[in-house]
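I've put the structures underneath this note.
Two complexes are shown next, each including subunit A; its partner changes from subunit B in the first to subunit C in the second.
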Partner chain A sequence: MDHMSMIEWARAQFAMTALFHFFFVPFTLGMSFIVAFFETIYVKTGKQEWKNITQFWQLIFAINFALGLSTGIIHEFEFGTNWSTYSWMVGDLFGAPLAVEGIIAFFMEATFAAISFFGWKRVSKGVHLASSWLLGIGSNLSALWILIANGFMQHPSNAFENFNIDNSRLEMTNFWQLIAQPVAQVKFLHVVSAGYTLASIFVLGISAFYLLRGKHVEFAKKSAAVAAAFGLISSIFLAVIGDDHAYEVTNTQPTKIAAAEGLYVGKKGAPIVAVGWPKDLKAADVQTNDQAWAFKIEIPHLLSILGKHGVNAYVPGLKDLIDGNKKYGIWPLSKLAEVGQEARTDLKAYHEAKAAGDTAAMQKAKADFYSVVWSDPKLGLKLRKCDLIGYGFFKGKNPDLIHPPVLPVFISFHTMVALGFWFILLFIWAWIAVVKGSFANSTLLQKLAVLSVPLPWIGTSFGWMTAEIGRQPWTVFGVLPTAESATPIALANVQATFFMFLTAFVILGIAELKILFTVVKHGPKGAH
Partner chain B sequence: MSWAPYTVDATHFYLQVYFWIIVAVLGGLFLLMTFVQGGQTLFHTAKNETEERAITNSLGRKWELTFTTLVLFGGALYAAFPLFYSVSFGGAYWVWMLILFAFVLQAVSYEYMNKENNVLGKGVYKFFLYFNGVVAMLLIGAAVGTFFTGSNFSINPDTRHVIWGTATNGFNLRGLEAAIDFKHGAWFNLSFGVLLFAAARILGGLWLINDIDNNEFPELITRIRGTIKKCFIVLLIALLIVLYGLLTMKGYSYNIHDSKGIVTLVAGKYLHNLLSFGAIPLILLLVGLVLYVWGVFTSGFGNSNKGIWSAGLGIVLIGIVVFVIAGFFGTPFYPSYADLQSSLTIQNSSGSKYTLEVMAWVSIAVPFVLAYIIWVWYQMKKNGPITKEEIADPESHAY
Partner chain C sequence: MRKLLALIMVFFGSFLFAADTQLMPNGINPAVHKIDTTWGVIVFFMWPVLIIIAYKFIEFTLKKSGLEKDL
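After this line comes the complex of A and B, so read on.
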């Protein structure tokens, strides 16, 4: 791995932290509400068995909660430690949602966790129940603000409205626009519904495990009933909102969707590859889409329908995004890079003129920097030179750098989608069995539920990889290249911290799993 | 050459001041919450399993708040002073990475240490808590010390890159030099670290005296008082060194009305800051010190169990004053001794006016957040201190 650059090590460290953190986040999002459901039933019925159920799942929740919380803090600070140029350039926009998360959500989550975990005998039932719900709401609000921040990285709509030429950074102009951007909203709903689905499968699977062993039967039946209902609603919503998410991605990050579908040559009525294996070729080596696949089974027109809401709508491929396509108004990368480089030159000229006190030269450079290079009066759209400054980095570089690698994005995206459909089937089956009262007798369903327990973690991790690898080579899509975002620091330091955290994560992850398995093995106290 | 724009907008300036006050208050509250870290270094005072679990459960119900305060402190700095976030975290890489590492180890230790099959064994998790209590406090203290002694960085105004130190290849200290470079105030930074550690440890002891049933654990409480007394001597020595340093060192200074914001070194700068604004900083510092010492004497040397409250309020005031004199009155709060003009001030490192306005609206939520935290705290404490019965009760989620 010696050939890896500092940037790649910094990315690896961030990816490791993010993935490890993301093992716990979806579980917290869903499990906090499931625990609140159980406790609500307990408070309503006053039955001890529901209290036992609540406390058992809460114990499991708490074991995960600690590690999720602790890895989150590394994540926040790594934006500064390893991505300081990014923080400098977009901190004015990106820092705000993180701070709001801290004030509005994180304190709510941590504060009410104290009552929910430790207050069973210290506060009234009503206060305790309210605290459990507030813990769940706080966790989910926390996700909202983080995903608003991430949504900006995925689609920085109008980010350059106020590019401050004096300090070369992006500055916020409209907070509501930042919050309400559709990419962030669908991303939030997609992630939280994935969390609800994940937690439901966990509860369903562990319940099925007890039933297969003939242990804690009443506990397991009741837990499974709640999980099946919550999971069915969540998994269907997950698919619906996933479709919306794919639509947003297709229209805002064409390179990501083209890589996810292995679409090299754009076409009308573009298909989705249901099953296949892409060769991950360079765009220049591909003349037809068929060349790029070892094998594939397609569903015709489906990508156009889902991504563009038109049976014969045009979806650009990776070659179009590199070579350009006049018919569909797509500029070649070479032109984007040329204009972007001009913007960088104008910016430099502005600062040199400023240092020299040459006002006339400053004004000229500024006018050039903000000059409009394309406009469509009918649509009210315009493109300024400064909007393309990030592309200047790619001038003279390998054009394939402008899109993410096809193979990992394709595999992660398609695995995630396939698992999503499996979860819906599983929950339909489980829900019918619960309603008919046959869940406790259906050995096959129970076995499948147990085997499915790790799958949502694979699904959420692949979902995150699709989003983050698919955004490459940008930290802020179309604006700030990843290679320009990192802290200038000697490689050895990043390698050392990478292994420092890797060691901690592996050891703590093993400890967490062993404790979890032990708790599951012992089962709920007082259950039948 | 001044590398960053000067704020000419009065509203923008007042917002910068407002957010530095928020940072100061958060810093003060964080210092209060470090009683968790300090308490983690007192496990040796427990002589049996029950006493040890009393300490674990008392601190284990509060660690999230220290954590959350640190996260909010980071978030507030990111939003309000993004250039500090970029320069300090990216520059003093090892300092922050080790602090983060110490906090990760802490977070899991409470939940895991008394669980069956926890892989590492209870002793290792206890060591993690010690590590967090000692290393994180020393490093955070030393990092705050550099707010006065300066750091070894310069900023390229064109590339926006931070250049930290002189080494560009291989393994670098990246911030840890603050603890060994005595030419640039390592003695002060280290003393600040020891001061923070000792203050936290004493607060931890005072908290445990308040939160653990004194009648059920009389011997433990006596031993904790013994440790507080010893630690108080360390605190006094460190405090004297830090005060001597603050009052005698040359401080970094700039004129807030000068559009170039040229930074110079000025003798007696921090004494001047303490005496500024009607000497309110000095008065607050003295009130804070008196409250803190009062708390130590009533609970550490006396038999009261309420010393944590006055000592806690005292340290919040002291923390606020530290940040006030570091960032106000024309003082760069994150100075550079390598290139004075790269020093960060609240004016040249802040977010845009619009962002600060938005965040000012958001900050209206802070009193409500504080209110519910206090309410929850009251709810959890109103039924009395932690008892043996509660620790043994499986329904209490005891650690």
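After this line comes the complex of A and C, so read on.
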């Protein structure tokens, strides 16, 4: 029990750090390019007012940039302090993209941030502009490498990793397959386009705030025009790539999508629940999907269409993933756990034989460990016992531990999607108003833009929660359970650092908001 | 344009006739589990295309709205 409590505290600490870090990351991803856009317009037109606009938004960007960087570094330490089993077991795979991020993107960002923030009077216009663009590209490339690492956690594959029986670690076998896997690339585009949408709403909202107050009118009109155009393109793209992301998730993490849609009993032509409240029941207590909902309004077939690209395609439910479904080739969890347990036994036998110097027993245990238990010759895929080793941890456990909790995943996923559609509507309205020249007079639109400023932060946080809670009970999906990933340290240590970080985040958060409000209140220099 | 529309129609039309696939023991779709690096690379290059289109659209918006003619 103490062990579980420690894991829950470690998870809470990581979630708190991630959420706090993620307040700054998407903003940085989007603002870096918005600043580059403004500066490009300044260089092309040579007008001082565009320089003022650039410098104002750059100042806001710089405040967030510093905090985003510093909170990201805390994560790296938490991998060591609280998640050392995870780091030790998958460090070769997870660490490589993080190292590339640190060496290339991080240094690229740091170098060009210095020139872009402090080099206005020190370098030529062209060099400065190039630095601003390279800062944006570097910031986004940082996200790329982080999401490649996260893509591995969401969708590991023996196409790029292998379980080394000698050291019991996952080792990389193909770097290219790791970085170019669609799960990671789609995730990257989804996150960066969410960042562009978030930053655009911020710029639109602050511009609307100035217009409502009748201050800095020309500055606000021009800023709003850029934000509306960038936001419109980004929010539409966010929905399109979000659809592809949902397709990848449906097909590679069936427990996540089943939880996100409260789908207990798998079906052909599966619906999406547009509005509803799931009861979060145990799978064994549910016989029909209707039982699992307090109320719901469904859109028939939509989950099959979006998730499987087939009107009547079959989507497995949580019960199918626990009890199995012979027709579609899904094994019951008990069988997966049995094979996983066999892999653990083979691993133990191999090391015992190695210690005893029994070569024949070593070879037998090794052959068993790597034996193929499932294959698809047409696609050239195979699953070996060792690929299912993670399921061994669930042998004899409560079967509902194999899927994430339904309620938080459903709420976070659906809130994120609903907000995404609101952003598209807001940007369509704002863009039309900008082009017609009525944005400065539309009080309702301006008020909605101001009220919408916090919403993308809620949306991106919920998106991240869908991804990370939805992946449970695994740190590496299907390979390494969260419960086995933590450092075996005393509960008090994790609690102490949790409250230490919480205090630091509260102080930093207040300081950040205070600086931000002061800058916004003061407004741009030289504005009308 | 016609070819593009035809392609889109064929893509969505295929949804009507999509056959059920056998899944892997853990419920993963084997066709998606097999890593398609070509698609991954195409997805990655959508990123610079998105940024370029976004900038061009910003210029278009500024000109069309009359907020900046000198672009």
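The working rule: the second predicted complex is superposed on the first by the 517 of 528 C-alpha atoms of A that agree within 3 Å, B and C clash if a C-alpha of one lies under 4 Å from a C-alpha of the other, contacts with A are read in each partner's own complex, and residues count from 1 in each chain.
In the analysis below, contacts are C-beta pairs under 8 Å (C-beta built on N, C-alpha and C of every residue); 3 or more make two chains touch, one makes a residue touch a chain.
Please read all numbers here as calculations on a predicted model, not as lab measurements.
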- Query: Which holds for A:Q177: it touches subunit B only (first), subunit C only (second), both, or neither?
  - Reply: second
- Query: Who does A:A284 touch here: subunit B (first), subunit C (second), both, or neither?
  - Reply: neither
- Identify the partner contact of A:V506: answer first if only subunit B is touched, second if only subunit C is, both if each is, neither if none is. neither
- Touching A:A356, do we find subunit B (first), subunit C (second), both, or neither? neither
- Mind working out whether A:A367 is in touch with subunit B, subunit C, both or neither, as first, second, both or neither? neither
- Where does A:L451 make contact in the superposed view: on subunit B (first), on subunit C (second), on both, or on neither? neither
- State whether A:L59 touches subunit B only (first), subunit C only (second), both chains, or neither. first
- Message: According to the stated criteria, A:A313 is in contact with first (subunit B), second (subunit C), both, or neither; which is it?
- Response: second
- Item | Residues of subunit A that lie at the interface with subunit B and also at the interface with subunit C | none
- Item | Residues of subunit A that touch subunit C when the two form their complex | 33, 37, 40-41, 44-45, 47, 50, 140, 144, 155, 157, 159-160, 176-177, 179-182, 184-186, 188-189, 192-193, 196, 221-222, 225-226, 228-230, 232-234, 237, 241, 244, 247-248, 250-255, 268, 305, 308-314, 316, 320-321, 328-331, 335-336, 373-374, 376, 379-381, 383, 388, 391, 431, 434-437, 478
- Query: Which residues of subunit C touch subunit A in their complex?
  - Reply: 14-16, 18-20, 22-37, 39-41, 43-44, 46-47, 50-51, 53-55, 57-62, 64-68, 70-71
- Touching subunit B in the complex, subunit A uses residues 55, 58-59, 62-63, 65-67, 69-74, 76-77, 79-85, 87-89, 91-96, 98-104, 106-108, 110-115, 117-123, 127, 131, 162, 164, 166-169, 171-173, 175, 348, 351, 355, 487-490, 492-493, 496-497, 500-501, 504, 507-508, 510-512, 514-515, 517-519, 525
- Spell out the residues on subunit B that touch subunit A in their complex, using ranges where they run on. 1, 4-5, 61-62, 64-65, 67-68, 70-72, 74-80, 82-83, 85-91, 93-94, 96-97, 100-101, 103-108, 110-112, 115-120, 157-164, 167-172, 174, 351-352, 354-355, 358-359, 362-363, 365-366, 369, 372-373, 376, 379-380, 382-383, 390, 393-397
